[in-house]
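Order as written gives the chain letters A, B, C and D; numbering starts at 1 within each chain.
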């Protein structure tokens, strides 16, 4: 229990520090928002007045604390460009990004588990070698490049799937699914390569364990023993790997959103950066970074809770 | 059981997300499900997003593109042939001393909330600008306006400082919109209040702006019930969306190289026209080297403009030699003034004292045409001994550094405002260019009679070309791709508006 | 078979480095000059064809290798120089002090390279240096973690304890005993990070946040190629392949080094 | 004869791990195989069970109940393992799945060969048979929550739950301390009654407790064979003599 509390304290501390870093970084951006807002013929007096109006003249720490206070109560401030609530701006986009990350994770797992297992079991055969080589290559391919070719093949040549865009699923679940297939595939392919390589190593380890031999000795086949005993043993450490990969996935999603014109957090972030909309930039970056930290924390805790061998120490 | 537990956890998570998403309000009446399949919806692909909804105070072409003539109306409007036509005003007259315009408003005209468009509304709208509101461009357009008065309920009088031929045209720009005086000025940036056939529906910054039909519209109702402007950060994504049938119109193809994708005439109609967007290689005329006319002219001679168009814009786009697009009455073809002649360029550079070479910074915004044009120009200028260092800035930063602070040697940008020959006369322009002779000609043109308006501007344009304060690279083409069933597309873009009221579908 | 990934990785990396070095002194055509035959198909004299400017694609790829390696070397080197001492300190300092760099690394781990680069690019404008900085900073935590874990193992060994008891200073211990023992793992991490750096740079340039239009990087070439995806899709093939080959090379090299240098991880029969 | 091994050879690449080994085990006979590590005794047992890694090349013949096992299809082999014959391994800590409750693992062994799906009662009965006094708690425990002796008893329960004809015990007591070792040997002695058994160990003393007959292996060959007391009394081979001497020294 004490350990968990210490972990929690560290977690809270890292959230705080991350928010401070982000606030400092965005406030350090040159390209004064006031003059950008006022356009091309603004007078210095008007710019100064606008800075006061936006509260940019007050001390850094005061502004930081006010912002943080708002964030904690769910208010990320208002956009400097269009005066809209940042929370309202982020919320619908968070959903798109969430789908991408969620399905990207599930998709990559669904791909990686059989592929990695196959590569491990057949590692001394040509087909197993080819599969590991393919995953090694998949690791080296930029996700957006894969995305571009997926579009060319499936959207333009074959016309099976939409090339981009997004339909919320309460409008049409079928369209929603169709629009997500290509981006999720592009994300999953690369992600699956990372995970499948981990699965391969982990499965090879399992193949050498005594409990695997025991399972075989009571009558399981290789695949059956892996499914029944191998998977549950690697799933815990796999969870850690997948959790740590979420950061990569979130970033991959930023570029993939760009390729497929998806209205997620990443494309909104890029727009806000070009508009110098500081409040939106720091809001989105904070959401992304906190999400990564939260997932890392949860994975850490889950690891303690799920592994029966560690259970005694954790409680 | 751990695996199963993890799966359960994921399932619960998924369900939670679904529930959260489901409970979101689903956009009111704009749902297609509400009124069945008869609703006519137009999906428009676009690239430049509005930064805000108040055209008076927000810079950039994105806002008028969506709102002008669709949501907001002006007293008068330019048609496809650049003639001034009635809109809110049925007729108007000018006093003999050309200092006063009197506009008679359409008695039917009313705002979306049902209140009438009367003289008081015009006064309120214009007075806001006279009182100092508005972007530099808006204020520039209304600079000649001295006072605005309501004569009768539906008659309004505009008094000018001096006669101005430009003023009537200025009334067709965003500066001339008539805003519902009942609306709170501070809220205009989110909720426009106009008299046009559409009202602003949903606005999702970064992805779409939707217009819904104004059911109370006073004039001829438009064909479409709903128009969605879908924004694409990457123009290629817009093309693929069109190819996969998600769009009805690409409002302006910004990857002309890809026009071949729409060659199938049974599926697509391509309209190629012109815009008022002159793509300029702008010089900082206060730079010691570029202050010399010989250097500027040398650069003109050093650049093969057709090669620039070919590389940067797929060969689409007319070559122009001045700030006047073809179609204007004062247009003259000056594109041969500086033929491509690297030897001549080297000579001129030597004359100016730069025989041993010259290094210049080229700071370009990250807009589709600028970086590729920069790459092409860099290679060509190197051939005559000018080393070019390219720096790409995102648009906000470019506006700040180049456009506002004037900190650059050369830049590339399109000037899309109609009739922007005037900008060279504007004080404190980002080109650091000032030529009293040119200013005088422009003033004479603005204040003179109709002949003077045309002739003096011709003269001014020639003077400008000879002085070469910028290199006019080419005129941006207006390439609109539609599905074949859409009628009413205006090929040439003569205003800042994407006027959807003209469009109809034979479907 | 045993060292196949080491050799394959070394061969690919060697190839990329060779291309970069050759490209530094000589390319078949100028990588930044326009040519008379835009969008030419692969053939002679343009082996990989030309782009919309008529520039030779092969020459641009060769010139791009230089930039890619520069970004990789600088960012990874910078990250190692900062990260390794921090990681060693985290392991060798008293527990409370050592936690600080370790936790900082964890927080920084929440900022992926691209997110940092977007912030930096906004602040300083997109350039090669922004990319180096962002990728470098984002790579630091990986080195901190590796160095910390490896150092913890080394300092628990008897010879280090003996040196400590003999009164040898911590700096000397770090230099004489710890570094030689953790160096192999640092090299492995450097190779892996290099692969990631190449991918990140490509992503940044693709978004227009990396090197400028006059620097022929592979990511920038992909961005430019996308405009011609329908007429000349092959333009998008080469730079993507180049990225994949270089990344593959460094990944394989990292794997191979790990197998050779870290016997514990060698695959059992 | 329950099991007849004839000219069995196992080769890993260039190394010959087992070289033309032949022996037979009667219907209820217990045969001990003794040898140092690397002598090929474990490889022989795994070869019989068909659990060698796929890099191993097996030649010769292994007949179980008259059925040839060398070259047997995996599907058919699977039906035999844990059912007609079973195995008990050395390290009970790692031989059980650390993430699964012990009872469930035993139930699984039943379910694999029988649609009874391993009723809890059967599991607890089996645990009781191997001398566990609180079978309910043990069945609900994870391996790490049990002592070494309890784990090995559970392991034995798993092996005999389907009433196999042959039990192969591969160093079943090596990892345990002396007292526990003795208890486990008693349990084994009990459960192996009326079955054939192959008992592999490096410890002559342990083998002597349970096996009347023994073969001695060295470097893949059988160097000596005979009744255990005869072998101890008069070792014919140098190696056996050393083993005997070592065992005496311990005792």
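The rule we apply is simple: a residue touches a chain if its C-beta (ideal position, glycine included) is under 8 Å from a C-beta of that chain, and two chains touch if they have at least 3 such contacts.
In this text, all values refer to a predicted model and were calculated from it rather than measured experimentally.
Undergrad: Where centres are the averaged C-alpha coordinates, which chain has the largest centre distance to subunit C?
TA: Farthest chain from subunit C, going by C-alpha centroids: D.
Undergrad: Name whichever of A-B and A-D has more C-beta pairs touching across its two chains.
TA: A-B
Undergrad: Report the inter-centroid distance (CA atoms only) between subunit C and subunit D in whole Å.
TA: 52
Undergrad: Express in whole angstrom the distance between the two chain centres, defined as the mean CA positions of subunit B and subunit D.
TA: About 86 Å, centre to centre.
Undergrad: Determine the centre-to-centre distance between subunit A and subunit D, using the mean Cα coordinates as centres, and give it in whole Å.
TA: 50
Undergrad: Calculate how many whole Å lie between the centre of subunit A and the centre of subunit B, each centre taken as the average of the chain's C-alpha atoms.
TA: 37
Undergrad: Can you pull out the residues of subunit D that are in contact with at least two other chains?
TA: 55, 99
Undergrad: Could you pull out the residues of subunit C that touch at least 2 other chains?
TA: 121-122, 226, 229-230
Undergrad: Could you say which residues in subunit A touch two or more other chains, in rising order?
TA: 30-31, 156, 232, 236, 258, 270, 273, 276
Undergrad: Subunit C touches which residues of subunit A in the complex?
TA: It comes out as residues 10, 13-14, 17-18, 21, 25-26, 28-31, 136-137, 139-142, 144-145, 148-149, 152, 156, 204, 208, 247-248, 250-251, 254-255, 258, 269-270, 273, 276, 281, 285, 288-290, 292-293, 296.
Undergrad: Which residues of subunit A touch subunit D in the complex?
TA: Listed in rising order, the residues of subunit A that touch subunit D are 124, 209-211, 213-222, 228-229, 232-233, 236, 307-309.
Undergrad: Provide the residue numbers of subunit C that touch subunit A in the complex, in ascending order.
TA: Residues 103-104, 106-107, 109-115, 118-119, 121-124, 195, 199, 202-203, 206-207, 222, 226, 229-230, 233, 236, 240, 243-248, 251-252, 267-268 of subunit C touch subunit A in their complex.
Undergrad: In the complex, go through subunit B and note every residue touching subunit A.
TA: The contact residues of subunit B facing subunit A are 2-3, 5-6, 10, 13-14, 17, 20-22, 24, 26, 31-33, 49, 51-53, 58-59, 135-137, 139-140, 189-190, 204-208, 230, 232-234, 237-238, 240-241, 243-246, 261, 366, 394-397, 399-401, 403-404, 428, 430.
Undergrad: Any idea which subunit C residues touch subunit B in the complex?
TA: Checking each residue of subunit C against subunit B gives 30, 32-34, 38, 52-55, 121-122, 125-127, 208, 212-214, 224, 226-231.
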